[in-house]
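In the two complexes that follow, chain A is the common piece, with chain B as its partner first and chain C second.
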Partner chain A sequence: MKILKNLRKLGFGLLLVTTVVGASGEVPMPEIPKAKQNFSAEQSCIEPTDIMRRQHGTFLKHYRNDTTRRGIRAIQYNLVACINCHVTADESGNYPNVHKGSEHFCRSCHSYAAVNVDCFQCHTSQPQESFSSDMGPVQSD
Partner chain B sequence: MNISTQNRRDFLKKSAIVTIAPGVLLYSIAQAHNAERPVTSATRWGMLIDTNKCVDDCTACLNACTEEHGLTENVPAEVKPVWIRKVTLRDRQTGKESSLPVMCQHCENPPCVDVCPTGASFKRDDGIVLVDRHTCIGCRYCMMACPYKARSFVHEVLENQKPHSPRGKGTVESCNFCVYRIDTGKDPACVEACEAKGHQAMIYGDMNDPDSEISKKLKEMSSSVLRPDLKLNPGIRYQGL
Partner chain C sequence: MEFWTAFYAISFYVATLIFLVFGGHKVYQYAVTPAPLKIPTTPAPVTTSGVVVRLLLEVTIFKSLFRSNKWIWLFALIFHLALWIVLIRHLRYFIDPVWAIVALAQPFGKYGSFAMLFGLFALLARRMFVARICYISTPSDYLMLFLLLAIGISGTLISFVTHTDIIQFKAFMLSVLNFNFFNWQTIPTDTMLLVHLTAVILLMIVFPFSKLLHVPGVFFSPTRNQVDNPREKRHVAPWAVKEFETSPASTTSE
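Up next is the complex of A and B:
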């Protein structure tokens, strides 16, 4: 009985702690930069937006193995294509740094969600237009 | 010289269309890798390097590699990445010297793959030996296992990598045969550079296809591999050693 009581106290304590943190730690909603163009008239990205928001990590991780290990390159879930379309320059023509601030497309959400994004330790985080034609189904202008 | 080498390929393509029966032509198109399907062991990519045509002080292939993969970070010489290097071999008996480029030899039985504890070092079905840097933990066991000293380790944080050639700190890397070029039907950067210089010391192609230029050359000329005693059956072969 005593254990049960203690547990109930503990539960109440935890509830209190979480509500206090929730109320004080207001994180501003991310300002997500707009992509360069829409995939089609009906759809903004290669999959509907809600699917892209939830599953882009899975897509990239799954298909990276197909490309690296099996040489399948005609894949639309392509990090280079994401970067080419989603990372846009500011007024002075500079691209945002993925390792600093939250202006970079990937960082804007990942900072908000507090999820580490390791891709850019190896992959470039900036578009290089001249290469877009080499890298599969990139939507070019 | 430059123009004539550029046109050689086109000339060969056109002559193939004219002379070869339609059925045979269809077959040869099917041999080219379709980027929608996985690569298969029906293809074995290889390279034949003619050491007699390789010019001593020419570094066109090295420069092309550096440029193509962005191996330009400012680091001390002892940790500089080297994917391809020029080596001078001297026959002790005769004193004959030959200069040749040495890179990952893309072995059929690669020791780097044998020793890799995570499976990051792997051989693609078409014979290209690669490092999957998603799973590489940077232990450098493969670097010790490689008898050709072909692999490098990235010691510093990198920025502005080439989109087609990602590389980063804490992982091992080596010549990848410009795999993204091969998959889209282009020649590796070093071969292209050698051809552009007019030396034509490097021929690359499918060694399993009896009609490829490399197969025909290998059949008619004698060629050798580096360290044949190890029985690794490299994909890079040398002529005139």
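Up next is the complex of A and C:
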């Protein structure tokens, strides 16, 4: 039963490795910047956080299709509103760059999971002054 | 500690251990099994570097399969190449920060899953509808296809339909790789993700006991890895020399 003996050796080895490595504990996690305000007292974003984490891409894509193909603007998922609430300036008043690093709200997770953010090839990644803070859609022409 | 987190973390350790120990044992067996005869399938390379090229062509473009059956070759190549791209794409869950090459592979891997499923369905159709293949197919032949299909279908669904929290999943995976025993990051419990992971764990466990051993096995195939030089260099197994001859030098002039 040579293989059993080897197995036992390997088990001890693994135990040794885990006691050394296992102590370190921390794993890298994205550092997500805090949003400016909560959506309501019970809910932090426009949908429960669980759903936002899984479905935000789908929401934005539907919004894009509705807007560009069918001309519908006044709907609940609005990229400009996301940016206005979620992208915050640092102490010197500068907004983080969405194309590099991981400080920008979108980039913090998208870098972690290597997912492209295509939105900002056209859209702005920084809050707009003229935008009202009630999370409603922009009503320009 | 949440039940599913512990369940999947421990299952990953067990599956990896089985995969490495029994898979390694199998490779060891292959390596020490004597090849008493010179049997390269001719025309065969006459130098060692030629053999390296032959094996490379064998494992990258399945050269001998191409010569024997064009249909199987086509579907097998589609499946295996797509599997490579998908596997490279999946490295993003195990590495932080993600390598540039892995980041570049993302969009290709996403659609590679469809190529992978196409190849798998084609190979399954071959097994079911080609009468002579159907006749010699065993349950284990189907098991491999079904496991890979389960992995492919659930993965594609996660990617395109019922998303999961991949950030949290990566955190879970990194904590598993970091051996944070019973201090793992929580696993997201979306059904499709759990189906996906279960199928992967099962595939890792059956790997060392199944036809999936063709992965290391192809490198040990005597008809492919031998140099065609029986006249230049006498092929003789060490145990045969010890058993039957006083010294290998005395027989070279026969």
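Going forward, the second predicted complex is superposed on the first by the 103 of 141 C-alpha atoms of A that agree within 3 Å, B and C clash if a C-alpha of one lies under 4 Å from a C-alpha of the other, contacts with A are read in each partner's own complex, and residues count from 1 in each chain.
Operating definition for what follows: a contact is a pair of C-beta atoms (placed from the backbone, for glycine too) under 8 Å apart; a residue touches a chain by one contact, two chains touch by 3 or more.
For clarity, every value in this text was computed on a predicted model and none was experimentally measured.
S.K.: Give one of first, second, both or neither to describe whether A:89 is in contact with chain B, with chain C, with both, or with none.
M.R.: Neither partner.
S.K.: Given the touch rule stated above, what does A:53 touch, chain B (first), chain C (second), both, or neither?
M.R.: Second partner only.
S.K.: Going by the contact rule set out at the top, does A:109 touch chain B (first), chain C (second), both, or neither?
M.R.: second
S.K.: For A:73, is the partner it touches chain B (first), chain C (second), both, or none of the two (neither)?
M.R.: So A:73 only meets chain B here.
S.K.: Just chain B (first), just chain C (second), both, or neither: which does A:29 touch?
M.R.: The second partner, chain C, only.
S.K.: Under the definition above, what is the set of chain B residues touching chain A in their complex?
M.R.: Where chain B meets chain A, its residues are 33, 35-39, 122, 124-126, 130, 132-134, 157-158, 160-164, 166-171, 179-180, 183-184.
S.K.: Using the touch rule from the top, collect the residues of chain A that touch chain B in their complex.
M.R.: 64-66, 68-74, 80, 83, 121-124, 126-128, 131, 134-136
S.K.: Mind listing the chain A positions that touch chain C in their complex?
M.R.: So the residues of chain A in touch with chain C come to 3, 6-7, 10, 14, 17-18, 21-22, 24-25, 27-30, 50, 53-55, 57-58, 109, 111-116.
S.K.: Within the complex, which stretch of chain C touches chain A?
M.R.: It is residues 17, 21, 25, 92, 96-98, 102-103, 106-107, 163-168, 170-171, 174-175, 178-181, 183, 185, 190 of chain C that touch chain A.
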